[in-house]
Each structure stands twice: as structure tokens, then as C-alpha cells.
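There are two complexes below, and they share subunit A, which is joined by subunit B in the first and by subunit C in the second.
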Partner chain A sequence: MTVGQIPQAVERPRSAARTGTGAVRSGGLPRTSMTARRHRAFYMFTSPWIVGFLLLTVGPMAYALWLSFTTFDGISPNWSFVGLANYRELLADQVTWDSLSRAGVFALTSVPLSIAAGLALAVLVNRPLRARGLWRTLLYLPAVVPPVGAGLVFKALFNRDSGAANGVLNIFGIDAIAWLDDPYARYVILMAVLWGAGNVMIISLAGLQDVPRELHEAARIDGASAWRTFRSVTVPLLSPVLLFQAVTGMIASVQTIMPLLIAANPTPAGVTAIPQTNYMYMMHVFAEYFALGRYGYASALLWVLFVLILIATGLIFKLTSGVVFYNVDPEAKK
Partner chain B sequence: MHAQAAGTRPGRPSRRRFLALSAAGGAAVGATALSGCALRVAGAATGGGESITMMVKLDDVSTELIQQAQRELGIAITVVQDDITRLIAMLTSGNPPDLVRGVGALDAPFYAARGVAENLDPYFAASSVLRVEDLDPANDLWRFDGTTQGKGPRYGMAKDFSQDAMFWFNTAQFDRAGVEYPSETEPITYEEWAEKAERLVVRKNGQTTVYGGSYNGVNIVILLTNLVAAAGGRLFSPDFTRVDFTTPEARRALTWYVEYAKAKVGPSLIQPNPDAWDGPTYVANRMAMSGSGYWLGGMINAEPKIAEVSRLAPAPVFEGGPRISSCQAGTGMWMPKKARNKDAAWRVFEWFFGEGPAKARAAGGWGIPTLKSLRPLMPKKEEYQKRVLRVQEAELRHFSVTPFTPYAKWDALEALINQVMPAAMNGAISVDTLAGRLNSSINEQLKRGKEQVG
Partner chain C sequence: MTATIVTPTGKKADADVRVRVRTSRLVLYTVLVAATGLMIGPFGWLIITGLKTTPELAASPVHWLPDRFQWHNFADAFTQIDFLGYARNSLIIALIYATLVTLSSAWVGFGFARLDAPGKKVLFGILLGSMMLPQMITLFPTYLIFAKVGMVDTYWPWVLWGLSAAPYLVFLFRQFFAGMPRELEEAAIIDGCGYATVFWRIFLPQSRPVLAASFVIAFTWSWGDFLAPMLLLSSDRTTLSVAIMTQYVTPGGLPVNNLLAAGSVLYVVPILLIFLVAQRGFVAGMSTTGLK
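Moving on to the complex of A and B:
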């Protein structure tokens, strides 16, 4: 066999795979065996995810969709199929709209704030500092604290009668504040979100380290200030990372359960005692499911939220399509 | 070619077939995993022989108690943390626990009306440990005849009980504030209680350092039900399908509770207790009065310094209202109708409610035993224990049961009350507006429940 013959032998199965022909034999083995093996390998490697996706995502979603057309409450024998009644009811439910608008306002406030805070921290720890690794670790640490733990810490810190926050105020002769009640409760939630900005920081830091150094040097040679360089070079190159954080942040923030975690009584019955400003959409869903036992109605609420998140995500992509700069041309990869 | 690509080629599974197989495999794996969830939780005993699953609070059945059951009964107990969402999942998957913790005053009619609780009458009739004639009337909270609580078959039993409208007070705090002690023989009025609480509370820099008094009942919904009864009315309609907070008696009860919260003399929805409940705050000498029944004595007795200055007082009354002193809980257990190991579960039930554990509870002062024969075990060694016991024995003459609706879970009504009550407590809405909103939301929930029970 000459060297020139090798590519020919290798090429044949590939072209067979592309055209879909498979019965050509070579040396007694089916030519498709390589293709079949490749397919099998693909399915073997992806099957854990596919099984998990079907079992833990598609299955529950389909079950919730079916529930949303019923009056099922988990226990009672006489539940019934009610068609779209739950969806009609939620359109007329003022609590639903109020909680949804609070969740929207929370997302519009918390996402930009946490992205800004995370980006600022990333810029800081991207500079040459002493013990830079330690700073990065310390700033990231709060993000790895489980939300339940973070909730308990914030609940203890901001308790009116025994919290450290009021202890500090008392040192300065300021009367205690009921932080966990309206109107302050919303700020405590915002603080809890910002406390976990390390997550945003770590992703932004990865993005910053991807920005080519020569672009910064070129800007500096051209006389650009640090701020101008950041605004005109760094931010555009970081824009895909920021878009990713905006989308995932929005999805996470409208589903936040932090208000429940800092609630005085985080139980099904206690969820409705959450201060009004923190009574967001997921609190309403939780109360309908587990306090009122309205599995059908609560499932309809969740499906509406799912659709709204899809729409919001589409809108974000649409609105940012002109300002997000991709350093790699996706077409070039094809 | 298309046919081949679609999946007829040997050795290559089609996408559709693969997805179908994945789904089936996933469902099988998931079903196995989920049915095993209940069995893999803390407290599982091992070994041969029979085994049962109990859904309780981890404090109810300690590891030592599980080992004791294994030794004495030869039955392994797996404990599942008490949680309504988990219970519903287990009931709907056909894999319920064999025994479930419940609050007799509130849960018994709910589960009985939905046909998920086992009628225990035949078991009681055959038992030599839990004889019907030895059962305290408090156990009637676990009876339900299809309409009314307190009559009909027994669906469970209370592990102990208290008259939960009574209150404990700390004489040291009264001495500090120069406030006259409440009588231990005659009830004071609710208005007098509130007045004392106002004089006893200690505040500093906007923080409450000593609560004057706490009065929140076992939970708000049963508290309000009882306050309305103490005012001479009834919250539920005779068929339990509606509530009415606009009657003069209900308004009186509602007004008192809203004023209690507004005064900020004790924990409430708008001033939550950092300790979450009265016990730790009271024994830390930071609460002058706690609206709790005899059962709190179990915790107080463990702190001799606090026990010596603690007294128990009769349930307050409203001026002109009847003297009643109800049990708001009667916490115990029930057996799901679809429990798999009913006989073993009943043996554990008998042991837990009538043998070693029941005797230990009675001697510890954690409530009044629910078997009359265990009453002599109640603590009376120390002078303060004798004093408390005398008050409690006198109060039993006024024992009452306030029936609860079978058409809603108490959590649901509590959630609806929590939703609107803070606005009234903060002065944003009047008691009349509050009453109207409570009627509207609670009656809607009861209507749904009535439709589902049938």
C-alpha cells in the first residue's frame, strides 16, 4: 500500500456516512460499523443526561401541565378536570399580578446591581495585587455558601431584637430598625443577592482574562484613558459574558426563594406572612402548592412563569443583538 | 436511504426508539429511586423481623427510642421527618408511612373526611394496653363521625395534651415590674392579661429585651377559633362550611388579638420571636408570661431556677363570656388506610402511647398523659411542681373541645389569615375590613374543600 492510498481508504467510510449508504463491504466487515459505533458512542455518552432530562425535567413539566388542568390537591378524592379554568383564574388574580410585578422589579434591580458589583470585583482582582489568589478566594467564598445557610445568617444578622445590624446602630445611639419587615425587607434581600456576587465575579474574571492584552496596549498608545479603555475595549469584548449573566441572572432572580429563607416562619403556613414587598411570584406559587393545597392552580402559575421566562429571554437576545460583540465569528466555525 | 436513516439499519438504534427506551429506563430507575426515598432517611433501624415507617418530628422518636423498640418489640422503625409535602408524595405514590404525626384538634377531621386515615376502633377494642375506658376524653379530638369532631370512630390518639389557653408567668419579672400576680385559681380577663403585659414589657433602643407576654396559641387559626368561643360565639357554621368573623363575638376576639399585636408586648406576625417559639425565650428569663399549657412545664422543670419562679394560671376569660379551657392540639399519631404493616404499626402504637415511652413522657411533665391510669406519674416531687399540678387539676373541670372544620387543612387557613392580618396589626386596615377579607378568602377555601370531600 502506498502512502497515497491511505487517505482514500480512510475517506470511503466518511463519504458513506455523509450520503447515508451503508452496505458497502471491505475486508468482510460492514463499512457502516464505524458510523454505527460512533452513533452508539454518542448515545451512550449522552444517555445519562437524556435520561435525567426526561425524568427530572420533561416528566415533571408534563405532569405539572396535566395538573394545571385539574383541581387536584394531593389528598382529596374528588378532584376534577377543569380545562383552562386555572389559567383564567390566574389572569384575574390580583395577588398573581402583584407578586409577578414585584418579581419583575426585583429582577430589574438585582441583576444589573449584581452584574455591576461582580464586574467591579473582577476588575479589582484582575489587577496585580499582593495575595491576589487569597482575595479572589475570599470574594468568591460567599457564593459557595448554600442559600439556606445564607438565609439563616441574614435572618440572624437583621433580627430586630437580637441582630448584629441593630447592635451596630445602637452603638451610635440609633434606635433599632425592623429590617425584616416592610419597608426594609426588600433591601435585606438585595444585600443577600449582592453578598453572592462572587459568582458573577468569577465568570467576569474569566472573560477579562480573555481580552487580548495588545488591544489595551494599543488603546493606551493612542492616548485613551483607563475609563475609556474599559468602556470601549473591555466592555464590548466582555459583552457575550455579560449577556450570559443577564439571562441566567434574570431567570434565577424571578425564581428566587430567598424571601422564604429569611422569613420568620419558613413553613407552608408562614410563607404568606412574608412582608408584602418580598412576596414575589415564587412565594405565591409556594403558598398555593403547599399551604392551600391547590396543586392545579399552582402548576398553572408555574407554566405561565415558564412561558414568560422564555419570552423575556427572547426579548433580551433581540434587544442586545446590536450591542453584543462576539470575538469569534460563529460562521467561521462551520 | 431515508428508511435506513430513520432507524432500520442494524446495529444503530433510531433516535425515537432510543428516546423511548431512555424514558422507560429512566422511569423505572426513577420509580425505584423515589420509592426508596422514604426508607433511606435518618434513624433507620436494621436487622431482621418486621419494620415500619413513622413520619414524626425527630424530637418525638429519638434514636434511643428506636433502639428500645427494636429490643422490646423486635420491630425496626424507620423515621421520616414530618413534612406535609412529603406525606402527600408518599400517599399519592401508594407508599404511605405506617404511622403519621398529627395534631388531633386540627388534622383528625381533615384526614378522616378524605378517607385516608384508618378507623382504629377495632384495634382499640382488641387492645389490652390501650383500653377505651382508660382513654382520657382529650383523645376524642381524634374522633370524627363524618360531620363533627369528638364523635364517631377513633382515627388516632394523642400522646399527651394540655389546656393551651392557660398561661405560665414568671414571678421574678412581676416583682421587678411591681405588677400583681395573676390568680392561680380564678381566671383573669383577656383585657387584664394585656394590661399586665404592657406593664411587664421592657424595651431599650427600640428593641424588646423582655416580652411582657406572648399569646399566640398553638397556631393563630385555632387560637382565634378558641377566642371566639371564649367570647361566647362560634367561628364555624354548624356544618363547618363557612366562617363568620363579623359576629360581635368574633369581632371582639379579633379586636383583642389585633390590639395585642399592635401593643408589641409580645411576639406576633409583625414582631416575630427570634427564638421562633416561647420555650427558649421564657426559660432565658426574657418573657414574663407565655400563653402555653401545662406541657411547657417539661422544659421549665429542666431549669430549676426558672421553675422555682414559674406559676401556671387558668385560661383567661372575656368579661361576660363562658369559662372554657380547650385543648388546641392533642398531638399524636394516626395510621394511613393504605399503610402496609398495620399490625406491626399497631404494636408500636400501643407501645408508644401506653407503655415505656408514654410513662417517660408522663413523668417528664411534657403534657397531661392521655391514659387516665398514667396520671399518678405526673411530676410532683418539688413544691413548685405540686403547685402547678394543683392548678392544672382544677382547670381540667373546664376542659372543652372546640371542633374544627374537616374542609380545610389548618395550614391553609393559617396562610390566609397571615396574608391579611399584618395589615390590621400595622393599623393599615380596620378590624371590620379584616373580618370581611378573612370571611371572603377563608370561605372560598372551605368551599373548594367541601367540593373535594363531597
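Moving on to the complex of A and C:
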């Protein structure tokens, strides 16, 4: 009853606006002024975000674009406009390509792994369990820990002398490993990111609870195994949620500061000394800005990354457009 | 192997099913305990590390448990660095940011939910798109601009970030306000109230759960932020997250691992407590924005 009434109620002001233009001549001025008032009010309400977006997002990005064509470093007064020289330099620099491929490998491992782990946890705690709420809370808890906390947790866990990881290895007679150095440091940041898989779990769980139970029951009655039901019913219905996770996870993984947080010296000065395998693209940008102060060159690196992220996001949407299943509820669509 | 069909005659089949249910439940709970151990264990290790002496931390092989729990490490963590001073800085910044961004996001969310104008669709598209904008990418050049206008080492950046609303929270409020009945504002508008009055008097008081969720989410963002305070604030005005990362060191620059661990526990625990208290709204907010 009420569900049917809402779309009607939503329509009403619109039709008032439409007849409003015609009604001016017949003396219906209040109606048009009402519409104008709504328009003005819309911009009054949205202006904080619009102004903020222009000043704190568009402005800085435009400033960085402009800087990327200069040799500006913030100190020397003799900077000059150099056209595409910064871009030519970064393309010719092996560090660009190495750090970029490390970031790519990290995204391609950490994102699928955390989605798989989060989804598995969600399926696990969606079953009838004793004290289900408690399990869910405990599994989600690490996702609430701030990145600084997570970094320090993994630094303690993988410390060469006092870490539990080497303690376990020692039980099996394996020599201590310098986890926080090359070439192992990359696995530590991977594990630190996977530790937050509770985020995917909680969002997938909400999605799982929206999957109509009749679909599962129908599949089981038709003789489908649990795995088959999961693969052919649950995953397709969850696919929009999983796609969202893939996109946001990719963007988050590219800008992770975990390499800095587990570094021996987590300051702008220390970023150049982090282990090679953890020197990913974002760390390179960070180092060029704040360790070396090459604002122009760093801004060129920044813009390249920005464009690459836009392309990657577009690609993910394009590649999955045939696979993702949007279960659009006609009732919910206005 | 396939689904067992319980025949009315077979008592044996009955027992079979019971055994199978019991083993599958055993497997289920084993997996669950293992997963929970992996998630909680690392934090437990941080606490244990915080309770050891420095020689115990240097011992090889690993000293699993301290001989005596060094509870005073947690007290020392307060004095080794100006813990309370940094906590106060973190708190001030988080309160400023969370309060402002919650109000501004509610305000903007109301606009997107209840009003329309030419260009609304495009703006809403930009809003959703900007949720995916990598924040770190904009932070670096933003820092350069803040440095230029003399806002480095002040809390003004957080005021500005707070006033300009966060897309994620705008979306949260927009979803909530869009679900409220149209009659709510119509009567008030016809009575001659402005939209601002309608927002303050009618919509805001109704949205207490969302306000709380938004405040908690924004507070934890700010409390957990590392890069912005590290770049923008000097070492005595900075936040706890930066101080913990950089200041638990000996005069020679070596990390004091037990105090560092104790300090990190003290830094994380308030966030965990806030989460446990506000869990419901927090999770509801997460899943609303994650899904739609």
C-alpha cells in the first residue's frame, strides 16, 4: 500500500512544475516561483560540496597538472616551463616502470585475495551459528583498526627477533627470516591488507542476506550441490557488490601507505630507504614530492597515475558489464 | 556423498545423518575458530609484545610469553612521548572534522534527496564518481596549496575538509532522506517555512541514527589518518597516529619496541571501543553505501 503511494507522491511536484509554465498566463504565478525556489534551494544546499570540490579537488589537480609542465621545486626561484620534458623523463626512467609493475602485481594479488577471503568469511558467518553476532564482530574487528595500528601490529608480528612469525618457523627448525626487508617485505604488506578482509565480509554479508531464500531452496530441490548453488546462484546475485569491491579495492591498493607504515623510518625522509620490493608507484610519487621536493616531476608522475586509475576503472566496468547481474527491483525504481 | 534421503524404514540412515551433521558442524566450528584466531591473534601479539622487557624482545629464539607481565610499560608509554598531548591534538582534529563534515554532509544530502534543479543529475554523477577518486592523489598538490596560503601547522585544513562535505557521507544521508514521506516538508513549505527551516526542524531531528553513524565514521577516519597530519603539522602539534609511528625511539634513533607496542594498543583501543558501542549504525552505514 504505502510502497505504491511513494512514486505518486514523488511525481507530484514534478507535474506541478510542468503545468507551472502554462499556468503563468492564467495567473498561477506562485507555482512558478515555487519551482524557482526549489531550484535556488537545491544549489544553496549542494553549494558546500560544489565549492569544496572545486577548491580542494579540482583546484589542486589542475595546479598539479600545471606544475607537471614546470621544474618547480618550491625553493629555487629560477624554475621554468618545460613542456612535456617531465613526462619524457618519467617514461625513460626504469624506476617508473619497476614501481608501476610492483603496484600492478600488488593490486592483482591483494584485491582478488581479499575479495575471496571476505566472501568466504561472509558465507561462513551467514550460516546458523551459535553466538553468530560475536563471531561476526571478532572477524570484522581488524578492519576497524586504523592503518597505523595495522602497520605496527604487523611490524611486531614479523620482527626478526621478537616476532611470532619467526617463532613459529623456529619450532619447525627454520632459521629466522628478515621479514621486513627484501624480498619478504611485500608478503608482509599483503598479509596486513588481508587482515582487513572483514570489510569485504560485512558488505558481502549484507548482499547475501538480500539473496532470496527461495532461490537457494529451489536450487537445492533441483539437486544442486552446495558449491554449485554458491557458484550459480549466490555469486551472480552478489556480482554488483563484488564489482564495487574490486573497483574500490583496486583504488585503495594503488594508494596504500602500508610500505611506509612498516618501514624502519616512516617519515618523508625515510621513504627512499624502504625495501625495493615495497617501493611501489605511490611511494615513488611520495618520495619525489616530499623527500626530493621535485614538485614538477612528481606532479607528472601523479597525473600519469590518475589517468591510469581512470582507465583501469573504466576497464573493470567494461569487462564486467556482461557478467555482472543487476537484480533490479521494479518496485524500487521510480 | 549426495544428499541423504531419510527413508522411513531405515534407523541406520537416521544415525548416518546425525553423524554427518555432527562432523559437518565440527568442521564448520574448526574453520571458524581458526579464522578468528588469525584475525585476533596478531592484535594479541601486539599486547604481549607490550608486556615484555627489552631483553626478552631481543632473545633468540622468540620468548613466547614474558616471565613477568610488565604492566608498567603501559604507564611508561604515556611518559616516553607526550601521549596525552598528542591524544588531545587527535581528539580536537577529529571532533572538529567529524562535527563539521556530518552537518555539511547532511545539508548537502538533503539537497540531493529532496530538491531538484537543472544539472542535478550531472552533479550527482560527479558526486558518486568522486567517491572513487584516489584521495592521496589530491592530497599531495593540496598540501602544496595549503603551504602556499600559510595553512601548514594549523587546523584550518580540517575545518575546510569538514565544511566541504564527504561524498560517502552525503550519499549516506541522501539515501536516508530520500526515504522520508513527501508530506513532511510540503505542509511546512506551504505554511511559508524556508527549506533551511524544514531541514533543521524536521529532517535533522529525524535522522539521529544516521547522524551518529556519520559522526563515528568520520571520527575514525580522522583518528586513523596518518599522511595528512604528517605532512601538514609540525611534530608538537601533530596527531597521535604520527607521534606513535615516529617518536618511540631511543636518543640514538632505535625503536623501543615494547613501549611502541603498548602505545599502539592504547592508540587503537579507543577506536575499537567506539566501534563496539556504535557497531550497529557503523555496519548499517557501511553496507548501505557499499551496496547501492
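Here, the second predicted complex is superposed on the first by the 291 of 334 C-alpha atoms of A that agree within 3 Å, B and C clash if a C-alpha of one lies under 4 Å from a C-alpha of the other, contacts with A are read in each partner's own complex, and residues count from 1 in each chain.
Operating definition for what follows: a contact is a pair of C-beta atoms (placed from the backbone, for glycine too) under 8 Å apart; a residue touches a chain by one contact, two chains touch by 3 or more.
Remember, it's a predicted structure, so these values are computed and weren't measured experimentally.
Overlap between subunit B and subunit C is detected when the two structures are superposed via subunit A.
In the superposition on chain A, A:293 makes contact with subunit B only, while subunit C stays out of contact range. With both complexes superposed, C is the one of subunit B and subunit C in contact with more subunit A residues.
When the two structures are aligned on the shared chain, A:74 is found in touch with subunit B and with subunit C.
In the superposition on chain A, A:273 contacts subunit B only, with no contact to subunit C. Contacts of A:33 after superposition on the shared chain: subunit B is touched, whereas subunit C is not.
In the superposed pair of complexes, A:64 makes contact with subunit C only, with no contact to subunit B. By the touch criterion defined above, A:159 lies against subunit B and subunit C together after alignment on the C-alpha atoms of chain A. When the shared chain is aligned, no partner comes close enough to touch A:92: not subunit B, not subunit C.
By the document's definition of touching, both partners, subunit B and subunit C, reach A:52. In the superposed model, A:177 lies in contact with subunit B only, and not with subunit C.
When both structures are laid over each other on chain A, subunit C collides with subunit B only at 276-284; the other stretches in 276-284, 348-356, 384-392 or 438-446 stay clear.
Applying the stated touch rule to the two superposed structures, the overlap between the subunit B and subunit C interfaces on subunit A comprises residues 39-40, 43, 50-52, 55-56, 59, 74, 156, 159, 161-163, 166, 170, 176, 264, 267-268, 289-290.
Contact residues of subunit A toward subunit C in the complex are 6, 9-10, 12-13, 34, 37-46, 48-53, 55-57, 59-61, 63-64, 67, 74, 121, 124-125, 127, 129, 135, 137-142, 144-149, 151-154, 156-157, 159, 161-164, 166-167, 170, 176, 195, 198-199, 202-203, 205-207, 210, 220, 223, 240-241, 244-245, 247-248, 251, 254-255, 257, 261, 264, 266-268, 282, 285-286, 289-290, 295, 298-299, 302, 305-306, 309, 313.
Across the interface of their complex, subunit B is touched by residues 19-22, 30, 32-33, 35-36, 39-40, 43, 47, 50-52, 54-56, 59, 71, 73-79, 156, 159-163, 166, 170, 173-178, 180-181, 264-265, 267-273, 275, 287, 289-294 of subunit A. By the touch criterion stated above, subunit C contacts subunit A in their complex at residues 3, 28-29, 31-32, 35-36, 39-43, 45-46, 49, 52, 56-64, 104, 107-108, 110-112, 115-118, 120, 123, 126-127, 130, 132-138, 140-142, 144-145, 147, 160-161, 163-165, 167, 170, 181-183, 189, 194-196, 199, 220, 223-227, 230-231, 241, 244-246, 255, 257, 260-261, 264, 267-268, 271-272, 275-276, 279, 283, 286-287, 290-291. Partner subunit A is touched in their complex by these residues of subunit B: 1-2, 4-5, 9, 11-13, 18-19, 22-23, 25-27, 29-30, 84-85, 88, 91-92, 111, 114-116, 205-209, 219, 269-274, 276, 409-412, 414-416, 418-419, 421-422, 445, 448-449, 451-454.
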